[in-house]
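Some notes on the structure that comes next.
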Amino acid sequence: MSDVILSVKNLSVEFATEDGVVHAVDNVSYEVKRGQTLAIVGESGSGKSVSSLAVMGLVRSNNATVTGEVHFGGQELVGLDPEEVRKLRGLKMAMIFQDPLSALHPFYTIGEQLIEAVQVHEKVSDGDARARVKTMLDRVGIASAEQRMDEYPHQLSGGMRQRVMIAMALINSPELLIADEPTTALDVTVQAQILELLRDLQKEFGTAIVLITHDLGVVADMADDVMVMYGGQAVEQAPVRELFYQPQMPYTWGLLASIPQMHTSSLKLDPIPGTPPSLINLPVGCVFAPRCTHKDLVAGGLCLTTRPDLGAVSDTHASRCHLNEAQRIEIRRSRNIGKVD
Amino acid sequence: MSAPILRVKDLQKHFPVTSGNLFKKQVGEVRAVDGLTFDVYPGETLGLVGESGCGKSTAGRSMLRLLEPTGGSVEFDGQDLLAMGKRQLVSMRREMQMIFQDPYSSLNPRHTIGSIIGAPFDVQGVKPEGGTMKAVQSLMERVGLNPEHYNRYPNEFSGGQRQRIGIARAIALKPKLIVCDEPVSALDVSIQAQVLNLLDDIQKEFGIAYIFVAHDLSVVRHISDRVAVMYLGKIMELTTRDQLYSAPLHPYTHALLSAVPIADPDRERARERIILNGDLPSPSNPPSGCVFSTRCWKATDRCSSEIPVLREISAGHQIACHFPEDRSSATASSTVSGTDFTAN
Amino acid sequence: GGGSGSATGGSKGGTLTFLTEAEQILHLDPQRNYTGEDLAFASGYLNRTLTQYTLSKDNNEASKLVADAATDTGTASADGKSWSFTIKDGIKWQDGKAVTCDDFKYGVSRTFATDIITDGPTYAISMLDIPKDAEGASVYPGPYKATADQQAAYDKAVTCEGNKITFNLANASTDFNYTVTLSSFAAVRKDADTGEKYDDTVLSNGPYKIESYVKKDSMVLVRNDQWDAATDSFRLALPDKIVYKFAQPASVITERLMADAGEDASALSPDPVDTTKLAVVFSDSKYEKRRFNEFDPYVRYYAINTKKVPNVKHRQAILACLDRDALRKIAGGEYAGDYADGVVKPNIGQDYAPTGLWDGLLGDKVEATGNVDLGKKLIADAGEAFPNPLVFDYGKSEVADKAAAAVVASEARCGITVKPNGLEIGGYYGVVMDPAKQGGMSASGWAPDWLNASTVLPELFTPSGGFNLSQYDDKAFNDASTAAKAITDRAEQAKAWQDLNKKAAELALVVPTRFGLEQRLTGSKVGNAYIWGPYGSWPYALLSAN
Amino acid sequence: MTAVHSVDDIPSAETVETAVVGRTLRQIAFNRIKHDKVAIACVIALVIIILLALFAPLICNLFNVDPYTFDSAAISDSGGLPVGSLGGVSMKHPLGVEPLTGRDILARLLYGTRVSLMIAFLATTIVVTTGVLIGIFAGYSRGWIDSILSRVMDLTLAFPFLLVVIAMSPVLEQRLASLGIPAGNASRIVTLVLLLSLFGWPYLARLIRGQVLSMREREFVEAATSIGSGTSRMVFKELLPNLWAPILVYATIAMPGFIGAEAALAFLGISVQPPTATWGAMLEESVGYFTVDPFYMFVPLTMLLVSVLSFNLLGDALRDALDPKADRT
Amino acid sequence: MFPYIIRRVMLMIFMLFVLSVVTFLLFNAVPTDPAMLTCGKTCTPQIVEANRIRLGLDQPLPFQYFEWIKGIFVGRTYGSGTQTFDCSAPCLGYSFKNGEEVTIMIKQALPVTMWLALGAFILWMSFGIGSGIYAANRKGKWQDRTIMAITLIGYSLPVFLIGLMMLIFVIVRAHLLPYPDYVSPFENPLQFLQTMILPWISLAILYAAYYTRLTRSQMLETMSEDFIRTARAKGLPEKRVIRKHAFRAGLTPIVTSAGMDLAGLLGGAVITEYVFSLPGLGRLAIDAVKDYDLPTITATTLVAATFIIIANIVVDVLYAAIDPRVRLS
């Protein structure tokens, strides 16, 4: 399918540490189409960032091993000459990082950093590059761009910095944009501005976006497809509406139930008990089983002994769970999760 | 209703901006908190919301005199807190506690949990029945920590557990008031829910009053009885929770509420949004007149010249705006999504 | 070979380089110069004195006088109280002006300005016939601040008639012409005198003049074209240029001379061979022709302060206990010299006779490693406890520190507690010459100013002497010494000095440790090098660079 | 219906146990050090050196040597070089003898180790204590106290260290004498230590002050205030325990620094008075003999190198071990 | 910026004033009588007294201090009667010991020290930074270990030892260079280089270790920063990431140390100057101290301190130049 710009198959990332091997990403596969948005959600430490860094070829520590396949625009990136991957970075695929202040170099002006991003891929005169940067900054809504270009990151507000990061990522009109929690550091009003901006730009350039976030509201707002990660694994993958309305996996349920709702009046929240698993000693069975309140419904303690496959619920929907369909519907109904017909 | 446990009047905290090496001189000031007035009653939760950097934490600290306020008055349990001497203040701290914003930095990494939770007993010279150790362990149990972990260090705990340690420390002496400074903003949704539930339970059990600082409106809605909305060191609107969420009057409150995304794709995409223009102005150089005027779509010349005072518009509903607007009906009639309200 | 060439050997030209650890020539000002090597250097190159010692490898020959700026070696009046010298014609300053009698007279007068002209010998003050005040200081304060009356007193003592200078002495002196070999009797021209600063800028009347002089770095001497070889039978002036390099690390100097590479072949050092390399230099035959091992003029001794250790038995005990063997080993063993038996050294000639100090003079034979039994016995005989602790002053250096350790260790054997007091060399004499600060025992060394014990025994052991570190003041000794000085028969005088030397030894006024030997090394191209007896120095006037 | 989760649903102890394998920084550091072969080697080397110093008299007795006895028999009479090969190594003198005196090198080395280590150890202790206390105090007080203390630090740092040390040693020694410490090695050591400390503390104080300034902003300090803690609890119980990492690292780097400083001062002739040996003094002397008796230099140099390297490498290892960021991308 | 520098300079003058008073007092506390040092071997109390008066040492201390300060600004006249001489401003005093104006001595010594310090500085900075970056990029590999070990050994060796060994091996034994003999580089550039190269190297060996380690740890620190990831995400080649982004970000502490070290050296590299017979400021100072030559001591101390204080200012200004977040107002 020519529409698919990024296709990840069986991606695994392991870190050898003094405490043991960290399975940060475990056999993750997904696809993103041009002009579409894939959201990756999951608890902190579930491997969202690492999996994206692996796609970008930015997992660089000595102790890391990356396996699997990453097809980007028809090219296989894993095992490719790092120099070739570098040439793609920033040009065809770009990334926005979580904390815009620490992600910008404190000692160079915004202009310098953006111009560098242009000139590294293209022979452009300083003047032209500057003009292009200015246009882009205007585009992401930075007022008086000309003047801002000569300022340093610390002189900008958080929202502006995030816009600069976005401008930097989009300056070479990449085909793929990975946004790693682009609004977590910002407050809601600015977050709304940024999301609006991303949406506009996506429309304009047809960029595919991988959006990492833990804010399900943002997901609901932005995503076409969603991947839920837990303990380094993809535990559920579905189009956005299906995920919210027909979630199939207890962890996803837990997530949805934990959100204090602005517009509903549930008084008591329904948190997931326990804490996320250590990625060194993953449970043998379902990674979520130790915290799952429904594991007893599955006969023979299967949840604790056998890891469920990422089973297809429909063409577009897959989840990892031993519960059968009837049980799932029953639980969702009883916990009032999603839309149960 | 009983007497308020805390009365805050015109509370101000300005940070000096200094320069110079040997002889410092003040060249300006940051008006982090610029005239807050409100009461808190026993057993109730007052939510304090606003954008990051609008002075919520500073307000919380100033109320407890962890920071020396620049002006105004704070009356705690009928006593003037700001007039107290150091001694008196120290003993007063038994009654008012704080839960800190950052569960990672608010626990001394070199102390065991036991000594952290036990510190208030130590410092205040309180000898609980059955010894400090026992008291600490029962507190740990109360907040859902394994008492056997008495001798562990904070870094061995997850964020949610650490926040509970902070909570245990705050409730150790059964205070009358706890200022909760964004106790959940650093946490994951699922852990956040655990902590919110815990706070709720404790309040019910001990009748503690909370001042609950947050920037997440859904969280505040969940826990508060009344809510104050802050912007650049000032209160914009203060009213009961239901009033605020159903019939807000201040344009800023509107914008805030509309910016919170809803975790439901259909409703989220159908939602009307107010996208504000520009960023929060610098508190060291606030706009003249109404501080929100630079981003307000309804601002007029009056707004940029005349400071709106916080006034009671209806029973228990205070607002600081020249042009309050009830959009609850408007919202119902408008189905436009993604409306871009811009200032100019 | 180079080193053993005859006095007229060596060829003209080239650059002669001196490498030294010192940071400067201690004093170039002739009236302040009082160290053997520097005296030899300055009079070899820069200033001419009335008389000089003969340049010869043979010590006896070398102790004879020759005329330099004077036409002969001087004439004494019959009563020996007045000496006159006639200055040669044709001797010029480096600026072309003639050197006159008045220049000599003026030069000598500077000695009296003791506040500025420091460190120099004070023979002019003590010998010239100028009244003294109650405290024994001369009434003449030197040329800088003399009133007309005071100046008149000096003008009476030193007179000029044409080219003839006459010195009128207070007491008869048979060897005043030896005294004037010292550069404190050399000429300084009044209009060139810069007082304290003259030390850096001396106006030369010798074969070379100063081109540059930077302390701690270097001094360069170039030929003085006003010098006329015809007037000078003393100096050969062979090298074209003379370079003095200061502040070189001792071990590096020796290494360089050993390596003998490049320009260093024409280099030598006024300093001795670094002790660490002695064994190598003196065992390897490749250095044979350019190494020297000679007695220097010094006697090394530890002066015992008789004010602090008044009991002669106690003093003797110190002598008996000392491990002189260890001291000698520390100083280099056989290269350090022979055990001394008094303050008069054999190379002074007839004034020396063995004193038998170590062979029973103290009551028993004393081995080189000491005689502890004797020491203990002497202390017991003294009738009083030893005045412990005995503060031992010495100028700090690595070797001196070790020696001090040896002193401490060996004296401890007799129950004498020595407290070493290492002082920075720069301030050493300032401390020990001050009776209030001097300890009970002070390390020192002395060389005769000329080959007569009159420059040794009275200087060291009488109050009128300039260097009485023993603080000794004994009427009988003083009288005997004054009498000995006046004896005109040299042989008889020698006998008197021998007796006094033995007496001093027996009184244990000093611990004589060594008759110093000195080892030196030159580059292979240096000609006419040997150790010249009178100053224990190089014969600067002869040295050649090729 | 919404299931009501009360506090009882909060994870039980078991799940926590398996979920969070947390260890204290101390444990982590210790574990890292344990696996660091270089660090272990350093510790062993240092322990040996310290033991050698502690038991110097015993060891010297064992070999029947002592640092001050002259042994004329062991050196040649011409030039004073040790008799025999390798600087006079023999049964009687296991590490040879000193040229000129024949004093035993083993004994001198061991006693020298005592002095060198003592000077370094005392100076380090004083510098660390004063530096830490003043640094914490300045950082914690802020305001004018901080300003004044900082200026004092600047001023102290502006003094040329060597000059003042050289010039001040006699003065200090005299003062000490008037306090009843007689001139001699005890007072020399005290003098050296005091002077080294005088110029050493500002570095650490600055470092600590910086740490405290940023630590003050951490909320646990505020939390301590909020429960009513006083200054002394704040300084000693809250702040100090968090400063061990930089202090430890600094101390391990400072020790060899002082050992080296002693050697440099020995070269300039202002260290401990002879005949007492120190590494610096031995080295300084032996340099001259390098060409004729290299073994003489080899012995103290090896000691110096081993200890300086060990302290430094250990300091590095500690820093790495205490660095929470180590081994993360 | 300008007001800032003016303020700093005023502060510097104040500090120098304090420093000068402290030095003056310190060195006047030295138990040796300077008047005595002027009178040599044939000394009598009368001469000492006369000299004391001539040199103004009989005056009360505050007056002496005042005279001295006056000398710096307007010059002064020494002596009385016919033997007076003028010491024109800036007169830092008159050295009784050397019979020379201190200002002249410092003028002669300063360039030597300056060249020595500068050359060594360039050497060690380029080596230290280069190898530090190299080692950081190969963290944990053998190249890293080797570099760290070598620099540490260089750091552990006492500088006098390095200097003397190089002198003996390179010059005396191998004759690779002529003997050190300082000339001004404008006079004889070749000889200047030949003289300075070994002193430069031996100083550089001493300092390079520290800068290698500092650079390495800074690089490791900055390489884990988020903005480095950003730079890579932009597609920058690794070399550029390291040079332009990582190194620049870690530069501040390197600049601080470099400034202080360079300033410290400008005050005199005592031991190196000794070993290589360079007539620099360090020697001047140490010799003065040994001779209790008060005017020279006070002046050299002040000169050295001035360098350090100026370096502080320069470092702060550089800070702001490197890091735009630092504001100088």
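As written, the chains take the letters A, B, C, D and E, and residue 1 is the first residue of each chain.
Heads up, the rule we're going with is that a residue touches a chain if its C-beta (ideal position, glycine included) is under 8 Å from a C-beta of that chain, and two chains touch if they have at least 3 such contacts.
Nothing here was measured: the structure is a model prediction, and the numbers come from that model.
The minimal number of chain-to-chain contact steps leading from chain A to chain C is 2. In this structure, the chain pairs A-B and A-E differ in their number of contacting C-beta pairs, and the larger number is found at A-B. The most distant chain from chain B, with centres taken as the mean of CA atoms, is C. Between chain B and chain D the centroid-to-centroid distance comes to 49 Å (mean Cα coordinates, whole Å). With each centre defined as the average position of its C-alpha atoms, the distance from chain D to chain E rounds to 25 Å.
One finds 40 Å separating the Cα centroids of chain C and chain E.
Chain B and chain C have Cα centroids separated by 92 Å.
Each of the following residues of chain B touches two or more other chains: 21-22, 158, 161, 194, 197.
Looking at chain D, one finds that residues 5, 10-11, 16, 19-20, 151, 287, 291, 328-329 touch two or more other chains. In chain E, the residues that touch at least two other chains are 32, 164, 168, 274, 290. Chain D makes touch with chain B in their complex at residues 5-7, 10-13, 16-17, 19-20, 22-25, 147, 151, 218-220, 222-230, 233, 237-238, 241-242, 244.
Contact residues of chain E toward chain C in the complex are 32-33, 36-47, 50-51, 54, 81-83, 85, 97-100, 108, 164, 167-168, 172-173, 175, 178-179, 181-182, 274-275, 277, 279, 283-284, 287, 290-292.
For chain A in complex with chain B, the touching residues are 43-44, 143, 157-160, 186-193, 195-196, 214-221, 223, 240-241, 244-245, 254-263, 267-273, 275-276. Chain C meets chain D in the complex at residues 250-251, 255, 274-280, 282-283, 323, 325-326, 329-335, 369, 396, 398-399, 401-402, 404-406, 408-409, 419-420, 422. Every residue of chain D that touches chain C in the complex is listed here, in rising order: 68-70, 72, 75-81, 99-102, 184, 269, 273-275, 285, 287-289, 291-293.
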